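Structure below; questions to follow.
Lettered A, B and C in written order, each chain numbered from 1.
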Amino acid sequence: MTAAQPLPDPTTAPEEPAVATPKAPRLEALYFALRNPKLVVGLSIVLLFLLVGLVVPPFLEHTPGERYAPPLLPPSAEHWFGTTQFGQDLFTQFVYGIRSTFLVGFLGGGIAAVIGMTIGFVAGYKGGWIDEVLNMLTNVVLVLPTLAVLFIIAAYVDSYGVVTQSFFIGMTSWPWAARAVRSQALSLSSRDFVDLARLSGVRPWKIIVRDIAPNMSSYLFMTFILLFGGAVLAAAGLDFVGLGPNDGMSLGLIMHQAVKWGALQLGVWWWFVPPGLGITAIVGSMYVMNVGLDEVFNPKLREM
Amino acid sequence: MTLEVSDLRVYYRTLRGDVRALDGPTFTVADGEIMGLAGESGSGKSTLSKSLIRLDGRMRYIGGSVTLDGDEMPIWDDRAMDEFRYKRVSIIPQYAMSAMNPTRKIGKMIAELLESRGVRFRDVRDELHRRLELVELERDVLDRYPLELSGGMKQRTVMVISTLLNPSLLIADEVTSALDVSTQRAVAETLVEFRDREFVKSMIVVTHDISLVYQIADTIMVMYGGRLAEKASAKTIIEMPKHPYTKMLLDSLPEVGVKYEDKRLSGIPGSPPGLLNPPQGCRFRDRCPLADKQCLEQPPFVEVESDHHVACWKAE
Amino acid sequence: MRKYFGRKIFVYALTFFAAVTINWMIPRLMPGDPIKSRLARASLNDAGAAEALYGYFNKMFGLDLPLWQQYLNFWVSLFQGDLGISIWNFPTPVIDLILGAVPYSLGLLLPSIILSWLVGNWFGAYAARSKWLDNTILPIGYILTATPYMWLALLLAWSLGIVAGLFPAAGSYGLSLQPAFTWTFISSLLEHWFLPFLSLFLVALGGWAIGMRNMIIYELESEYSNYLQALGAPRRLIRKYAFRNAMLPQLTGLAVQLGTVVAGALLTEIVFSYQGLGYLILQAIQNQDFFLLQGTFLFIVIGVLIANFIIDIVYALVDPRVRVQMQGGAK
């Protein structure tokens, strides 16, 4: 449900000069990658959070729901992020929340990417009535307001986990990716090398996997990142209204509880500021990283 | 002389070093001359064309000079060049099909372009109408969007726009390569007509189709590896070429009308040198049947007969 | 013209159809007796209400009828404007609750969408102007788009509302007031409107700025820009063309983003207890009021479809390419 930020068109990117040896562009990309501050900073922040979410939980003494401390303590050396009204440690909740944020991002973004890319490739490559039908489907799902659909679905499902939530999100957030991939595949599939493969009787999916997809790999990766961010935000929205998974902890759920138990009125800022900040930092860093990637893969942008 | 180019060097800066795409050509184009520019893909034709009007982002001026009607063009200074552009040197781009703003009516776009260059649209409107007529376009194309024109119409419109201010030099880079044969011919004839009517004084026509160049060009200049190989009258180049590369290029042409680039693999064995670290001496050395020790040194581009320049030790 | 709009309308009709079908299907896909379990959990204080509702539900769902009949009945009552009766606010018809909430949601959405689009495009176009601007506007834009709507809403409610006390942090107008056409009421309305509006506006702003910045760079690299540069046209003219042409995809972007902004408004309303559709949804969820939830959902879908259609019309008006194609003059 994130912005369908227009990615630059890889098929119009300038041809690398003929002098380049096959290996060189990749080296060149790496060279630029390491010198691109957007990419380096964005990736570092994302990795830092990922590391925290993966490594820290086993070292924590308490579970996120455990009520063991005095209520509403502000941040201190003992409780870095303070405590909730019920004496739960907010740092513990935060760390577990990071974990499920990444999980939803990977799963939800991944499912959306798989669906979007499959539909986009098939539509763009096959053309004809298959394209028409898939296009129609894409447009229908595109105009349906995703979060509202998710509200309806989640409200009727009595209990579900993060994986199911990711599944729902993935199923509803793929359309813009399908559109973007379709138009790319469309222009690539009319290129010489694809025609050649087609003439020599190679099967369609093989052409897609072998010839078309690799030519768009950087583009596909950037699409995935945007879908990842979208999935994280969608999940946070669901959790916030109280339709999140019943098991486990998430950053959206922390905010839900904060609002529900009056953290705003009580001025308990440490209850609702860190979770939102965490989401913004993760998703924002991924977006900034994307711009960096873009500059690395698309030499035209380097001069800007 | 309309155009005098002297030891012009323009490189592409890349991470792995300079690509010496234009390495010191020296030549002239006379008043009224249509010069065909030929050479395999990658020989530097486009680099030369762009250098004369606008360097793109990755091109760096290294040295040499370009003089137009006796005035030196500051090709290294993008702003200062604006004075020359359009009014004195103009271009018909390769991408004529998409050269016009798709969301502006053509007439309006032309008017805005002219006014922005300090030319009153009113003053040239009649001339514009006459020239559109000349290329068999209705006046009302000016009230249409580019989308409403066919490919050929767009091509002709762009030709009229580019030459509207009677530039001294017109550069046409591969303008015909995207067209079908009959349109190609028409475009070529229009170029000649523009010269004959003195809409433009001189012209550089870059094309892959040497037979087409032969029809319209007074002289032909052959480039190889960022340098000049040979320049002479069209007739001389076709009938009595002196440079081994020119000869092979012509031999590889099976018949008139076939683009020689398509035939490169079977035509001339080997491929042009990379220009990142070009070989010492004559750049055609590895493919040249006549190469010997002398060719380890770069042959100068000299006049071997009157108006016939060649860069080859074995040319005499 | 027919073809362009015909196609669009067909897609919208299909979407509406899909939305209604989802609405009809989901309760039926759930295991067990959906009515009983919903009612059991519904917080009804009125004993008579439960009975009345049970009968009503049975009629609406008609679970003993064949499926196709159930489906048909669903459509019939829909066209009669019958969306059921609210449990949360028994016995108000759902449609009345929704109609009461729609003006508040529109009052938030329209200004924030339009203003953020205009201002965002303007910023984005500026960003493409210099490296320095690009390096400031771009990261800010990305941070804003990455901000969860409800979080920014929380921050604003807390900082400007509760701590600074500049604006009220909850409600749509003063508690002591009754809706009326008086200065007191209107000023209270505006005061309460400001923070939710600002929050929506800011989050959406980032996306537009980024979109415009990317589009304009793309346009500046295009062949018509190149041609103009070769003919010595001043930067001013080239930028003007690029900006205009970049606006068009941004308009399409508006259609694509509509769902997201609407969702953002729902979340924002919840934070501010602002009595639009989002607040209704929250009540519906908390009170297990499924008629209300479904009705609101349908209304949101209808709203988004109408907005999409308006954007299509505007697009056709401003993009000469579409106009030309509609007149059948294209080659």
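As a convention for this text, a residue touches a chain if its C-beta (ideal position, glycine included) is under 8 Å from a C-beta of that chain, and two chains touch if they have at least 3 such contacts.
Since the structure is predicted, the reported quantities are computational estimates derived from the model, not experimental observations.
Using the average of C-alpha coordinates as each chain's centre, C ends up farthest from chain B. Taking the mean of all protein Cα atoms as the centre, the chain whose own Cα mean lies nearest is A.
The geometric centre of chain B is 55 Å away from that of chain C, both derived from CA atoms. If you average the CA atoms of chain A and of chain C, the two centres end up 22 Å from each other. Note: centroid distance chain A to chain B, computed from Cα atoms, is 48 Å.
Residue ranges on chain C touching chain B, taken from their complex, read 222-224, 226-234, 236-237, 241, 244-245, 248, 319-321, 324-325, 329-331.
In the complex of the two chains, the chain B residues touching chain C come out as 53-54, 81-87, 90-91, 93, 95, 98-105, 112-113, 116-117, 145, 147-150, 158, 162.
Put simply, chain C touches chain A in their complex at residues 11-12, 14-15, 18-19, 22-23, 26-27, 29-30, 34, 131, 134, 138-139, 142-143, 145-152, 154-155, 157-158, 162-163, 169, 207, 210-211, 214-215, 217-218, 221, 249, 253, 255-260, 262-263, 266-267, 270-271, 281-282, 284-286, 290, 293-294, 296-297, 300-301, 304-305, 308. Here chain A touches chain C in the complex through residues 1-9, 136, 139-140, 142-149, 151-153, 155-158, 176, 229, 233, 236-237, 240-243, 252, 255, 258-259, 264-265, 267, 269, 272-273, 275-277, 279-280, 282-284, 286-288, 291, 300-301, 304, going by the rule given at the top.
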